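Below is the structure I would like to discuss, written out as structure tokens.
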Amino acid sequence: MGDENKILTVQNLTVDYTTFRGNVHAVRGVSFEVNRGETLALVGESGCGKSASVKPIIGEDASNQVIKGGKIIYRWQHQGKLEEIDLLKITAKEMQRKIKGRQIAMVFQDPMTSLDPTMRIGKQIGEAVASAHSKLSKKKIDERVRNLIATVGINRVETVAKQYPHQLSGGMRQRIVIAIALAGDPQLLICDEPTTALDVTIQARILDIIKKIQKERHLSVIFITHNLGVVATIADKVNVMYAGKVIEKGTIEDIFFEPKHPYTWGLLESVPDVDAPQEALPMIAGTIPDMTQRIIGDAFAPRNEYALDIDFVKEPPMFEVSKTHQAATWLLDKRAPTVQMPRSLQKRINRMQGENNGK
Amino acid sequence: MMENDEILLDVEGLKQYFPITHKKVLKAVDDISFKIRKGETFGLVGESGSGKTTIGRAIIRLYEPTGGRIIFDKIDITHELTKKNKTILRTNMQMIFQDPMSSLNPRKKIGDIIKLGLDVHAKEMDEKTKKNEVYHVLKQVGLDGSFVDRYPKELSGGQRQRVGIARAIIMHPKLIIADEPLSALDVSVQAQVVNLLKQIQKETGIAILFIAHDLSMVRYISDRIAVVHLGHLLEMGTTDEVFKHPMHPYTKSLISAIPGINPRLEKKRHRLNYQKNVTAYLQRTTINVGGTHVVLGHENEIEAWQENDSLNE
Amino acid sequence: MKKYVFKRIVIALCTLFIIILVLFLMEKGMPGSPFNDEKMTHAQLKVLYAKYGLNKPVLVQFWDYFRNMLTGNFGESYSLQVNTSVTEMIAAHFPISLQIGLQAVALGTVVGFILGIIAALKHNTVIDSLMTGVSVIGVSLPNFVVALILSLVLAYKLNWFPLIYSASAGFSSTVLPTIALSTFTMASIERYARSEMVDIMNSDFIKLADAKGISKSRLIFRHVIRNTMISIITVLAPLAIELIAGSMVIEKAFSIPGLGTLYINAIQANDYNVVLGVTFFYAVLFISIMLLVDILYGVIDPRVRLAKEG
Amino acid sequence: MDMNNSEDDKLFKFARQDTKVEHYEGASLSFGRMVLLRFFHNKGAVISLALIIAVALFAFITPHISQFSPNAVEPAASNLNPGQAGHWFGTDNLGRDIFTRVAKGTSISLEVAFVAMAIDLVIGTTYGMISGYFGGKIDILMQRFTEVLSTIPMIIVVTLLVLVMRPGMTSIIVAMMIMGWINMSRIVRAQVLKVKNEEYILAAQSIGVPTIKIIFSEILPNTIGQIVTTFMFSIPNAIFLEAFLAFVGLGVPAPLASLGTMINDGYTQAVVYPYMVCFPVLFLAIIMLGFNIMADGLRDAIDAE
Amino acid sequence: GCGAKSQSGSKSSMTMAVTSSVDSLDPVLAYQTTSCTVVGNTNEGLYSIKNNGKAELALASKVVTSDGGLTKTFTIRKNAKWSDGSSVMANDFVFAWRRLANPKVASAFNFELGAAGIKNADAIVAGEKAVNSLGVEAKGEKTLIVHFSKKVAYLPQLLSFSSFAPVQEKYYKKEGKKFAQSAKNLIASGPYKVANWKQGDNTITLVKNNEYWDAKNVKTKKIKLQVITDPEKSALAFKNGTVDYTPLSGQLVAKYKNDSSYKNSLGNFTQYLMFNMKSKGLNNADLRKAIAYSINKKSIVNNVLKDGSQIANSMIMKGLVTDPGTGKDFASESTTGYEYSPSKAKSYWNKAKRETSRRTLTILYDDSDTAYANVAAYIQSQVQKNLKGMKVTLKQTTKKTRSDKMMSGDFEAVLTRWGPDYADPTAILSMYQTDNISNYQKWSNSTFDSLLNAAATTYASNPTKRYKALLKANNILVNSAACPPLYQLGSPVLQRSSIHGLKQHLAGVPFWFKYVSIK
């Protein structure tokens, strides 16, 4: 029953990349699910496997990618019936015909290189429209293209439709990419760091557009970012990833008001507090581990101020904090010494809650 | 605040135009003036393409300025430089770049990259002293000697950016121009770099021209902030002045774009839109609105902005 | 665009002038005169030198030549027997070279392109390695060796095609020269198309196009091949030039009375006027090919086109 | 939770904190080492490298150790079939041993190619560097020059030059040199243009590194990959060009014989004495193939970096 | 395949492979052998050559000699017609020969007028006299009178050559610049006419000229000449039926020697080594003899060339001239010169070493045939082996450069060849007269000079004495070792057995197709 509402369930997905230096264990057993009409954010530092865990969903595979295991179950309503499919099992053709564009669409990170340089904008969108709605007349397609361009907040619809990608700015291009993603009326939209390459002002605008569209179309969204500030703006649920694993998951309130994992604390703190500037910005020291090496214990341990001895020996399981909230840190074990989140963070959260109540 | 402090850099009416075709020029920077005092951090913010990088590069004289005057440490460095002045400029002013990957020569070892400045300017220094210097600055940026023999691609983004900083501070400069040193980094790592810069500044008293498009980080590090847009300086003042009482609508829109981490607030957040208009800037003058706070505008415009401001308060 | 084309043409004309001047001076420095038949008397020689104006100072000669050239007159062959104007000789020898050249370009680019596409689509498979092998052999084997093998097997052993070119045999006798001439082009295009296409297939915009859910064939034809084709255009000009050079060898191998044959004979006979005329003709040909390819590139690639319009 | 619960229990205490200074572990591979590793991972490339070395050894050693000398005329033993009288590849019309002649011819072809290419390398690289780095008017002027030069067909210049000068090795090399560098200079220029805009060049400039040093120690190392690849691809081209010159009758003069002149001589008798043309063609093909595949492998190894 | 078969199988046509293409079909300008063949067979002159080598009257039906042999009156056949039906006039010859003499036209064969002894020819060619002073005039439509300045024994042979063919003035003027530029711009007076050809073609088709006066004796309807520059290809083309006759390159002889279609006859070129008498040390006879003795001509012919070439002892090639008395071949009566002898070579070398300081020799040769390189390399190795301390360098150039260097005397030794323009010893020997412009090596011998003078004057009408004198002159030349003859080139061919009456001539027009029949 509950499954019906889950548009996508990823179970224990494991992805390697074979490289010259050895196998990169990019995704090491990731599970998450996306509910209908909900936005799930995947957060984590660069290289922690965010993209690697969503690429298999849309069947995008690098030549050296090896899917070691797991399932990706996609569910959708088809003529009143609920259909269910394992996206890792279907053929490329089926994926192309049934899923891509029509069910699941994707927005890529770099808007500068995501559009075909030799094709007019209108045509590139039209192509996506036509492939999803095969019976549309040329006029209808045109009409839809214009609508889509307007939907992503571009005013000069006619001009832009006739332009080539290189004539547009980064922000404009990213909007076009979003319009293309929407062309097939997908159920699930995957945005892989759609704003990272843009500056803050444009980032804010793009986020607004995605938010608006998500609401209007009741879309499910997987949103990938390394910035918890962005997550706060857009997400309903959050999965925090580190070194190829989800290390904390919960609703947005769980993560922002009751974070349990030290890594999440670090991420939260690294977003500058405009309202109460501190002397030194809190930070996560060090770098993510080399993913070609086998990781013993908790991958985050070497960078963790609160690391326990066991972190270097044994991998922490997912501890259930609440029904919606889980975290993989030994600090949640009964035997662990009690550890509070950093004082400054606690203070900030308190203030936030104050703001919320005060309102 | 630091009114009586010595002025390190004086930029007066700087203009930097680029020829595009025979007839057209692109006015990347148009009549910008500001001063940086010794030991101060001066933040320069603005959206992409507003001319920040161009300002930075003009100051360090990678470009030949089209107009205006740049005085650094009492030396006019606007045009042709004497050999002596050139050495002063090239040692006392250093730059940190935006892209940590592309700012380090991929074929050189970290140690050699950092040492480059010494190789050029400290010819009297022997290899060993130079090496020690390198170890010393590496430590200053939180890396140990094991990095000297690495290649840039073996480092993470944050580490690379710290190498970039090490390269700049090994010359003991008086001014560092940091051109968006954060924008290519993950937020979690941005803090590492900002803290490092701050700490170094505290230790050495270097002045920093900190360029960014993200106001939130600038706030942390800067004593004073200038907002530029389309090559014009719109607003300038101490960090508090600009943040507490932003005047110009553009500044306001920039501030409103900063994402916070309060999900409930963020979801409802109303972002201010700003329509750019260059010609309007040309018809306006820089007006002091109290303290060191200046804004580009008309008298009556500013009054309206101030009123708006107090309404919001 | 118009202004751009105009500018390019002006540059091309200057280039041609320089070429003609340099070649003219160079040829004056060549050893041996065109008239050194063992049986000729001094008196005869004198008469001949006067007839062709070779007794004047070099620069005057050049000026005369240049002036005549502007009226389309490239002088007469120094080869006493022929007594034909160089223009006529080129006109007589060029068509067959052109025909075989065009056939070879067409065959080479089309087949090479198709093979490249197949190799790229089957990237990292046996087929790919096979294609790579074939193309490496294609660029490695000198075309006279290819010509030899082709005529031994297809013409002599199997008797499918004529051994030698003959105008009366028509098209069938141009088949082998065409193939021999096109191998290098074919192999080069194959290699280039393959690597270009593999790059393009890995590019972000193809990933996005693919994510639209459009059919594989549309993705390949509308996006991948189209973009590959645009970048192929850039190598066409040098390849065409390479091909013209190759035609000299092929013409020798198949006894084709083309421009290359004329040229090599003229070089060996010290027939300056013909050498100069043909060289100039080649230069015009090359420059126009480059110009054409450049303009074509501008027309097809919107990035270039729009930049040049601006 | 599991069996060795008790053992784990002891581990629930804070681990010792590391120092604030980061330490780097793991092997460090230089660009060159990485390229080599990658190159040697490519079977085809390694085989062709081995082949080239084998051919080179054969070419330079055989004439010294063989019982026959490449130019020794022995009309009584002319046109022997391969294997007859100790002549592994047979003899030619003058009774010269084809095996040693092929060896000698290979070495001459290799020499011509290498010398010509090495000079090209110097000219092309310098030209491309200067043109690309300084840009502006200098660049436009230099580009015009190469443009003019490249519209003159290579073959024409080479043929004319060989005619103007005394035929011989030097003139062939000079002729090949005149045009060969254009491609190299183009590629170097394109690379320089690309590298020039990288921020580390700006960094060097902002530190005040002298221009010469920027060109040679900052830009050059970053273009070396392309240079090497281009160089590798040019060698077979040069060998081919030399063979072409021989084919149109402008090869090295007798009694010297390059592979090209041998092929040209044998070409007219390919049906009667196939071995006279087969062996030189075979060696030419091996060299060409070898260099091409090796260059391919090298490019892949460099590009992957 | 089948096309080729049926073509060669048909009874009245033949395809011949030729090595050079047609450069011009203007009788006065035609130069390459192929051109001369075509002109000779399409534009008959006063004489033609029969297969036995004898000249016979062709377009002229009668010749009357007068004025002590210095005037000849030819009567043109009544039924001699051009292929357009107009009749051949005496003026056609006058017009053609004046053109030939005209220095502005600059025919490569204009010296032949002088060689034929026609009055004023040399002066006109040198530009010293007006063209119309040439000793030739038309009297009425069919009578041609020719005035000579000297008597020439081999006149009929000479006049059979293509450059003496008639040209119709009216037609020439009508066609203007287009004359002879394509089959359409040509008319024929000979047994064949050009059916298909234009500038630049590599094939030319001749068909029987039905207007030809002797058309009934012309048996083969069509003759096609196909240019094939690659000798190996032409042999293959013969094998697969594309051509019915092909010259064979020396290197291919070994393969086809035993083929039933293989034929070999001696060619018309003698290959020899020419020393520059003006080059220091080379005017020493002992040195030249040492070199001459050290070269094994037999080995060159049998081991290096293997193409049917034969060793040459005389400067006059075999089969060119016969003794008017005995009927023996000139070459067989000549001195044998220097036959290979390492010991003699050594003793002459020892002598030479005392007389001259020359220890090096550069041999120049051209690249027009790979055989020359081989022969040169062989000579190099032989000389160096037999003359210890002698260093021989080889220098290869293009043909033009080689002759350029020869003409300017910029050489030490040249490996070169010479073919006669007409079948008489003077075609060769006159070149070695002291003041002859073709005497590039500057060899000079007064006895030789006087013998040649005598042959041209006193013995002009005494064939036997003339022959003796020339034989003696030849022996002087050979014995001087100034230009040791090496070998006479062979002319191996492949020819279908069905072809009869096709004979190659050493001088003049190479083939007379009139006599060819196919069975």
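Should a chain be cited, it is by its letter among A, B, C, D and E, assigned in written order, with residues numbered from 1 in that chain.
Quick note on the criterion: a contact is a pair of C-beta atoms (placed from the backbone, for glycine too) under 8 Å apart; a residue touches a chain by one contact, two chains touch by 3 or more.
Given the structure is predicted, the values throughout are model-derived calculations rather than measurements.
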Contact-graph separation of chain B and chain C, given in steps at minimum: 2
Starting at chain B, fewest touch steps before arriving at chain E: 2
Chain pair with the higher count of C-beta pairs in contact (A-B, A-D): A-B
Between chain E and chain A, distance of the C-alpha-averaged centres to the nearest whole Å: 92
Between chain C and chain D, centroid-to-centroid distance (C-alpha), Å: 25
Chain centre separation in whole Å, for chain C relative to chain A (CA means): 54
Where chain E touches two or more other chains, by residue: 230, 236, 398
Residue list for chain B, restricted to those that touch at least two other chains: 159
Sites on chain D at which at least two other chains make contact: 20, 22, 26, 163, 249, 267, 270-271
All touching chain pairs, where touch follows the definition stated at the start: A-B, A-C, A-D, B-D, C-D, C-E, D-E
List of chain D residues in touch with chain E within their complex: 71-73, 75-76, 78-79, 93-95, 163, 167, 249, 253-255, 264-265, 267-273
Chain A-facing residues of chain C, complex: 123-124, 203-216, 218, 222-223, 226-227, 230, 300-303, 306
Parts of chain E lying in touch with chain D, wherever the complex brings them together: 230-232, 235-236, 249, 251-252, 254-255, 296, 299-300, 302-304, 306, 367, 370, 373-374, 376-378, 380-382, 394-398
Residues of chain B that touch chain A when the two form their complex: 47-48, 156-159, 183, 186-192, 194-195, 198-199, 213-217, 219-220, 243, 253-267, 269, 271, 274
Chain A to chain C touching residues, read off their complex: 58, 60, 63, 92-93, 96-97, 99-102, 105-106, 108, 110, 113-120, 124, 127-128, 130-132, 164, 166-167, 177, 180-181, 183-184
